[in-house]
Amino acid sequence: MKRQFFDRLIDALLPLFAILLAFAIGALFLLWQGVNPLEAYKAMIVGAFGNKNGLADTLVKAVPLMLVALGIAIAFRGGMINIGAEGQIIVGALFTSWVGLQLGGGLPGWFIIIIGLISGAFMGGIWGLIPGFLKAKLGVNEILSTIMMNQIAIQIGFFLLRGPMIDPAEVAAGTNIPQSARLERIADMPRFTDMAKWFGFTESAKNLGLEGFTKEIYGLFVDPTRFHSGFIFAVVMAVLVYILLWRTTIGYRIRAVGLNRHAARYAGMNVKQTMVMSMTLSGAFAGLAGAVEILGLHHRMFEPVAVSAGYGFAGIVAALFGKLHPLGIIPSSILFGGLLVGGDKMQRAMQIPQVLIVAILGLVVLFVVSTDYLVKKRQNRRVSVTDGDDDLAIVEKMKESLKEAGADEEVDA
Amino acid sequence: MKKVLLMLALILMLALVACGGDEPAVEEVVEEPVVAEPTDAPEEVEVEPTEAAVEDVEAEADVEGLDSIRIAIVMPSTINDLAWSQALYDSLLRLQEKAGGEDAIELAYSENMFNVTDAAAAIRDYAADGYNVVIAHGTQYGTSLFEIAPDFPETTFAYGTSTNTGADEGIENIFAYEARAEEGGYVNGVLAAGLSESGIIGVVGPVEAGDAKLYIDGFVAGAMAANPNIQVNVSYTGSFGDTALAAEAANTHIAAGADVLTGSAQQVVGAISVAEEQGVVWMGTQSDQSSLAPETVVASQLYDWDGILSGILQKNQAGEYGNSAYALTLANNGLVMDFADSLDADAIAAAEEAAAAIAAGDIDVMAAIAGEVMETDDEAMMEYPEIAPVRVALVMPSTTTDLAWSQSMYDSLVVLQEYYGEDNFEIVFSENMFNVTDAAAAIRDYAADGYNIIIAHGAQYGSSLFEIAPDFPETSFAWGTTTNVGEAEGVTNVFAYDPRLEQGGYVSGVLAASLTESGIIGLVGPVDAGDAKLHVDGFVAGVRDTNPDVQVNVSFTGSFGDTALAAEAASTHIAAGADVLTGSAQQVVGAVGVAENAGVPWMGVQSDQTSLAPDTVVATVLYDWVPTLLGIITSNQAGEYGGLVYQLTLENGGQKMVYADSLPAEAVEAAQAAEAGIIDGSIEIVAEPRN
Amino acid sequence: MSENLTMAAIILGILHSGIRLATPYLFASIGETISQRAGVLNLGVEGIMLMGAFFGFYATMQTDNPWIGLLAALIVGAMMGLLMAIASITFQAQQGISGIGLFMFGAGVSSLLFKTMVGNVVSVNGFSELTFCVSDMLCLSEIPVLGDIFFSHSIVTYAAFALVPFAAWMLNETTWGLNVRSVGQNPEAVDSLGVSVTAVRYAAVMVGSALAGIAGASLSISLLGLFQENMTNGMGFIAVALVYFGSWKPRGVLLGALLFSTINALQLWVQVLDLNIPSDVAVMLPYLLTIIALALPFRRSMQPAALTKPFKRGEN
């Protein structure tokens, strides 16, 4: 037992060492730029986790990352690679804001929000369904189609935002910025500070005598920050995806197809249908991310790439950091969001080129995924590996693993 | 799963540990002496220190009565850098010798203190060790000095380049000194103009700031004054110690035809050896560099710190520990011109005449420099109001070098900073903020950090701005392109700006219509929206109103950064017969290259793209944000934090037309007539509907 | 639209542009083909291209010799490939994600170096377009139609096209090619024959990445003659997509690259000719048509069986 704990601890620490190694190399870059790396990294960590605004920024960023990563995880579990989250976010956000603008007129806010979320998921789902369908029926590789569909989504966004969806005020002012009008305020997903007010938490941290980090945590939930209820929504979604994948037939089928297409077919599953379904679900979650960004944060649609903002790719990283496990994705999104936010803060604090941070984060990603191998190798040493070449055996194994659903098993995508 | 949680917990723990301290101490780490810009207005030639009267320094060092005095110097480079640090150290050695050796004056020094934190530690240690005079030989040490000096009231501290003795903060024991390097620069410039046969002079600068900038500005002004046709090529290596690059710069200058070179900072040793090899002459500054190449270094401006130092020492012994500012000038012999005998007598005579005139106050070097500026950028025509120190943060969607939207704003900020000085005008920026969530975080952080004015340079940042602005009621926010200052949202501290690019576009259109022979003009747009759309609208209207038969082919690449596609679009336009091209956004660098190869003129917008292809970019609609920025700053300082919309128009100078000399006069006249027509309202720009 | 442009002139323009624009895609996609044939999905092409573009540009700027620039891009590309190989082959990292890491690293470093070492966008004298002059009077580029389409490109463009048969020959006719294909199809079998799967994959990834580096340089020192941060603007990802279009065959990749870039040239002409199609829709065309083109004929893609699967000796 104790032995196992230390093994697990070392496994858990390996990615941390990888991050430290990446930072050490990054430190050379920082030194080259004439910046004290220790101060820079301190600024990074404090910036991401050290105070209420940093925490708020990190968690706000974790929301789209989490939702996208959940979608990526579903696709990966189903044996598909979804590089199209960028486009799915865009169409989701577009449709959410369009629907949001059409509704209104006395409808209650919560209703608009729910319809908005559904709309985003719906449109994102369609954007995932198409490559899924193309792959299943016509053999068009999903990497190709999703990359192409990202560009198509961007252009559709520009088309709509310059024409049908443009804010009438932009036309009136003659500035013609490609953005929609603002959604009605009642359709804003509530921020934590709003919710605190509803529940009567208005006391300032000072009056409560809170100090240090406790004060910052208190401020995160009570003071006006951008931290919004989309975070709760995303966490709930993560739990739902966990249930979906490990407690339902659909989830079982998705994972079975992902593990071994031939075996799944042999077991009588409709593989093509399942592939389409996992891509659709994957797209729906990315679309949901777009919807939450609009309803919780931006409240209007603007330049498509500014909304998707690289979450489609960062989400892949968050998904893999979370071992493609819905519950692992929650902390990994927060961690990766924190890295991104902290990197930005470090850039501002030290006034170093922002691209330096991008380079360091690239190393972090490279090194962390490289530790997977070491973790697995250590696990292999502990657990004897059963041979699984036989298709039937795999199916049997999957059925077994389903029985102990919830077990934290590793799956090679 | 557990692993990840554990990992997160560890990270959080780390974070907590890190939070144990205060906010991260952001120490400025400057590699080398980046010396503060002079805060004087360019017209004023008199050295007007902001804090204390400049002492008149006797040239002859008075070492009378100096006894057992202990001096410590903290310097950014080394005592044999042949430049900034060595000049001071040599002076101290001379004083020591004069005063009677080590018994009279004890010297200690710390070299290579480019880390200001280390330097501060050194300064404090020396003071604590009982040194009487501690010299921190770099502007960057000022802040630390002001913290340390009050703890040692009977120790004399001195630093420069600066004129701020800290008297405002009640500090009594700091001397400030500066070198008016532009004076000797001017003299060297006059001499160089007299010596050059090719008419081309090369300057190898380190970083365009402080002492080096003063010297080079003076040098250029002097050369121009002596011979208006002379060409002075100035290059900066971007560092003080990059010898290899300085050598390379010298090579480049020589390849470009220069036969006289100059430069500053310790890096120039590389350049001097190149000059020696290639047989061109070199003019030095700061320290005597003739030891390196006696035949090559034909003229030097030497910093003679003897007078200043002995003044400081005498005062220290008399119990006066600070509160004065000194300047090295030609008049007080703190700057000494040294010419080689081998030089042409006429050239020396002209140089010496200039030196005498400067010393006597007959030549106003600062005004001469300002004159140069006026000729090139005509920015000096702007009325620069007096402003209190201001801190400006800029959040932009692309980069400061995009040759388009973001760069235009950044360049204008730098113009203001150069005018007001870094101490009075602080700029920070975040680039590549295409992620609006990140931009919002940046905006909030800058506001929380106390920046006075935060510019969110993109229409996509608006919704975030309106959320953040109310939390910082005394911070001004500005964004654009828009006319929305957030009245509807009850926000009071947001400015909006709105470049009416259809105006500049119209003028370019008129020009283009007069230039085209084929009757076809190509336009490479990014996305048909925002100011790119205005540009197209105006351009097409301008062409149509000038010559309805000329056809404008418009294409959009669908993104702002697709350089390759923009290049291909330009090729397509040329293949379709276009003989004039224009376009907007950072992508167009590709198109400009194509235009250059095809010999087709290009009309730029937003930022100055001539650096890419000087002969190809024949006209530019330049965004000049200076008037807008000054409007925002003065409003802010008058307690009005927002609510105004600034339009950039031709009339208010927010847009400026720049025409190449190579353009036919009639075409330029037509364009200028259009400018006048737009300004007086006689031309109304009517856009044609497009898809 | 004016009459002075005949249909022939337009088609000519499209073909000329299409060929030129295909250059970077060809290098990058062929490189990616080799890498994927060996079983490694390298999503970092974009980052490698940016590094190649910068180093090609910088070396050319310093030496005034674009060949040295090309060499620099090749070496840097191979080094980036080495990084990818260490992560993905030795450490068996998830290939999709390590590629994204490599992309970020390349994009960041290239911009950082540009900012620090160059600063402003400037142009260099790279490879210029050839004229194929036999004598002063006779230049192949002067031949009507054919000359414009085929004989007025830079040497880099010709190299890109020459690479296609060469890569096909390498993959299909040489032992090395056989090894590459085999480690992508059935690494266990190759391993049992005593060939090092790891070594073959390392070589394939590095060769592929070197080509991606050249792809970047073809932009910075051949097509454009300048470097700008992030100048590839997603080309690297398109290049990956084109590999799937070409079903892992150089020939197919050529078809895909030509199709994509020719439609891109076409859409520019559509806009120039003012055919009343919104610009966004025109820009969408190449992406849309590439998908449709692949979807139309019912074709089964033959993905290398071991693509993205790390090789673990004796573990399966």
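Letters A, B and C name the chains as they come in the text, with residue numbers starting at 1 for each one.
One rule holds for everything that comes next: a contact is a pair of C-beta atoms (placed from the backbone, for glycine too) under 8 Å apart; a residue touches a chain by one contact, two chains touch by 3 or more.
Not measured: the values here are computed from a predicted model.
Colleague: Which chain lies at the heart of the structure, taking centres as C-alpha averages?
Modeller: Of all chains shown, the one whose C-alpha centroid lies nearest the global centroid is B.
Colleague: For the pairs B-C and A-B, output the one whose chains share more C-beta pairs in contact.
Modeller: Counting C-beta pairs in contact, A-B comes out ahead.
Colleague: Distance between chain A and chain C based on Cα centroids, please, to the nearest Å.
Modeller: Each chain's C-alpha centroid was found; their separation is 30 Å.
Colleague: Quick check: how many Å separate the C-alpha centres of chain A and chain B?
Modeller: 42
Colleague: Find every residue in chain A that makes contact with two or more other chains and list them.
Modeller: Residue numbers touching two or more other chains: 155, 158, 162, 353, 355.
Colleague: Check each residue of chain B and list the ones that touch at least two other chains.
Modeller: 527-528, 558-559
Colleague: Using the touch definition from the top, which residues of chain C touch two or more other chains?
Modeller: 111, 115-116, 229, 234, 278, 280, 283-284
Colleague: Chain B touches which residues of chain C in the complex?
Modeller: Chain C residues touching chain B: 2, 4-5, 9-10, 12-13, 16-17, 20-21, 24, 111, 115-116, 119-123, 128-129, 219, 223-226, 228-235, 264-265, 268-269, 271-274, 276-280, 282-284.
Colleague: Can you name the residues of chain B that touch chain A in the complex?
Modeller: My answer: residues 1-8, 10-12, 14-16, 18-19, 21, 23-27, 29-31, 114-115, 117, 397, 428, 430-432, 434-438, 440-442, 444-446, 448, 459-460, 462-464, 467, 471, 481-484, 498, 500, 527-531, 533-534, 558-559.
Colleague: Taking the complex as given, what residues does chain A use to touch chain C?
Modeller: Interface residues on the chain A side: 29, 32-33, 81, 83, 134, 138-141, 143-145, 147-149, 151-152, 155-156, 158-159, 162-163, 313, 316-317, 320, 353, 355-367, 369-374, 376, 380, 385, 387-389, 412-413.
Colleague: Residue numbers of chain C touching chain A in their complex, please.
Modeller: 43, 47, 83, 86-87, 90-94, 96-98, 100-109, 111-112, 115-116, 229, 234, 237-238, 240-242, 244-245, 278, 280-281, 283-284, 287-288, 290-291, 294-295, 298-301, 303, 308-310, 315-316
Colleague: Looking at the complex, which residues from chain B come into contact with chain C?
Modeller: 238, 399, 401-403, 519-520, 522, 525, 527-528, 551, 553-559, 561-565, 567-569, 571-573, 575-577, 586, 589-590, 593, 596-597, 611-613, 691
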